[in-house]
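Okay, so chain A shows up in both of these, paired with chain B first and chain C after.
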Partner chain A sequence: MSKKDAILEVIYEAIADLNDDKSEDEKVAATMDAILFGPESGLDSLDLVSLIVDVEGGASDLLDKSVSLSDDNAMDQDPVPFTSVASMLDYIMGLADEK
Partner chain B sequence: MTDCVGSAYEDRVVVVTGSSRGVGFSIANHFLAHGAQVIGLSTASCSIESNNYTHYAVRIDESDQVLAVFRGIRKRFGAVDILINNAAVLTSQHAMIMPVSSAQDMINVNFMGAFLVAKECAKLMKKKKWGRIVNISSMAVSLEPVGDSVYAGCKAALTTISNVMAKELSAINVTCNTLGISAIKSDMLAQLPEEKIDAVIASLPIPRYANFEDISNVIDFFVSEKSSYVTAQTIYLGGVS
Partner chain C sequence: MCRPVLEGEFVRLRPIVVDDANITLSWRQSERANLLNDGAQTLDQQERWIAGRPASELNFIIELIDSTPVGMLSLIDVNHTHRRAEPSRFLIGESVLVKGIPAAVEAMLLLYRYAFDVLELQRLYGTVTEKNKLMYKWQRFLGMKEEGRLRNHLFLAGEFQDAICLGLTYEDYWKISLPKMNALIKAGKQTN
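Let's turn to the complex of A and B:
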């Protein structure tokens, strides 16, 4: 499995865990274009925090380095990394490639 | 070697900050004696010898160090059940002559350090959707003794952190409470003039020093399975209110 696919799997697993507690019509789509933050997102703030924490933990384990989607560097990005699945993936890929 | 005297905390993973000495050392041994896996965090090494004890030498006010330690804890233990946020430093000095570096150390360790550790522990409690956070505070918050402006201020802030986190973490069944301990004979207390402590003790409704059993009794209550409806509370020892 490529690094990109492994990171995507971490994100999708976190979405699946989040969906465990949701009714069918509340579930978040596990797709690249799923919006996680902002007016178009169906997540409330606790859902988003939960998702961020799970992705940070899973990605940190995978890459064997601390991964934060909410530190100063992350919050300086436009859009912020947790805006969508695609932006999360891009940002974590960038961290993975950092020396 | 810590003797095991019970199994009340078997299968529990307990993080204790400031475990190398004083109250934290006793708390770590208390949980070990009752079957817990204890993870101790402190800047110094620790003399506790137990197969169930893991020590990390870390500055809890350094976020990079805390993150690295908790990455290790996550790998090794998977989750954390209980946090006893005990580590603290104290400089008691009149505000007008308090060294800025001492004030900053207290803010860094007693406030930011406690927050950083609670933040990372909460993430590891989320996995099981269960947890207990006990922040160790002080009678200084209520008594506001001369010389303790920054120390008492940090401990008061710790109560606020605890109460806000209690709201944020209730959805994952994590409780956050605060134990305000009165004077207990320890290295920290030994820094203060004895007559000052004696005067404070004499003013308490129960005018004696606390002993460790007074502290462990309240900790056991806060972390009990049965205390799931007890959160955002502060208990002071010795009748301080």
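Let's turn to the complex of A and C:
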């Protein structure tokens, strides 16, 4: 499995965990274009934080380095990393490629 | 203790009043509240509960800036000798209305800011049932640290559950809570 696929799997697993407690019409799509934050998102703050915590934990374990989606570096990104699955993946890939 | 109105950019916290009994009762009876301690069962009980809040508590309604009530949040057992208190009864009752808005995080920020910066407390603490993973992750993300576990401490939803003890010091608030909360609110401003 490529690094990209492994990170995507971490994100999708976090979404699946979040969806466990949701009704069918509330479930978040585990797709690259899923919006996670902002007016088009179906998540409230508690859901979003749960997702961020799980992805940070999973990605940190996977990459064997600390991954934060809400530190100063992350918040300087436009869009911020937790806006969508795609932005989350891009940001973590960038961290993975850092020396 | 005075009963302040705490203004944010997305929400405000205003003191709960007896007229809030109907909506708060409906929130407390929703599925989302089934991991909170038992509350009033009737409107009359809820009205009496609100009217009977002691001076050591601050009980707020979380409302959007257009004054739509969306949840509740309290600061209880405020102790000025030991300079500590317990954030409690945190419940977003109108989850659909706050999707995509950092309403919950700003409500917590307003409460923490008032507790630490205005009341000059040194510590906030509380417990969360082990089953409430969403709330546990939420509190940890916002800076609370796990300080212990009370086995079979709660009887909720028909079973005994462990309570996880959490605590937040003034230093944690500055170093961990504020940056995380401000980050989410900043992101909210970019997207709304």
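Criterion: the second predicted complex is superposed on the first by the 99 of 99 C-alpha atoms of A that agree within 3 Å, B and C clash if a C-alpha of one lies under 4 Å from a C-alpha of the other, contacts with A are read in each partner's own complex, and residues count from 1 in each chain.
Keep this in mind: a residue touches a chain if its C-beta (ideal position, glycine included) is under 8 Å from a C-beta of that chain, and two chains touch if they have at least 3 such contacts.
Computed from a prediction, not measured in an experiment: that's the story for all the values here.
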Partner chain(s) touched by A:S60 [first = chain B, second = chain C, both, neither]: first
Greater residue coverage of chain A in the superposed arrangement, chain B or chain C: C
Touched partner set for A:E40, first chain B, second chain C, both or neither: second
Touching partner for A:P79 - first (chain B), second (chain C), both, neither: second
Partner chain(s) touched by A:S50 [first = chain B, second = chain C, both, neither]: both
Doubly contacted residues of chain A, that is, touched by chain B and again by chain C: 46, 50, 53-54
Complex interface listing, chain B residues touching chain A: 64, 67-68, 71, 74-75, 123, 126, 171
Residues of chain C defined as touching chain A within the complex: 92, 95, 98-105, 133-135, 137-138, 140-142, 179-180, 183-184, 186-188, 190-192
Complex contacts: residues of chain A adjacent to chain C: 21, 37-50, 52-54, 70-72, 74-75, 78-80, 82-83
Sites on chain A touched by chain B in the complex: 46, 50, 53-54, 56-57, 60-61, 66
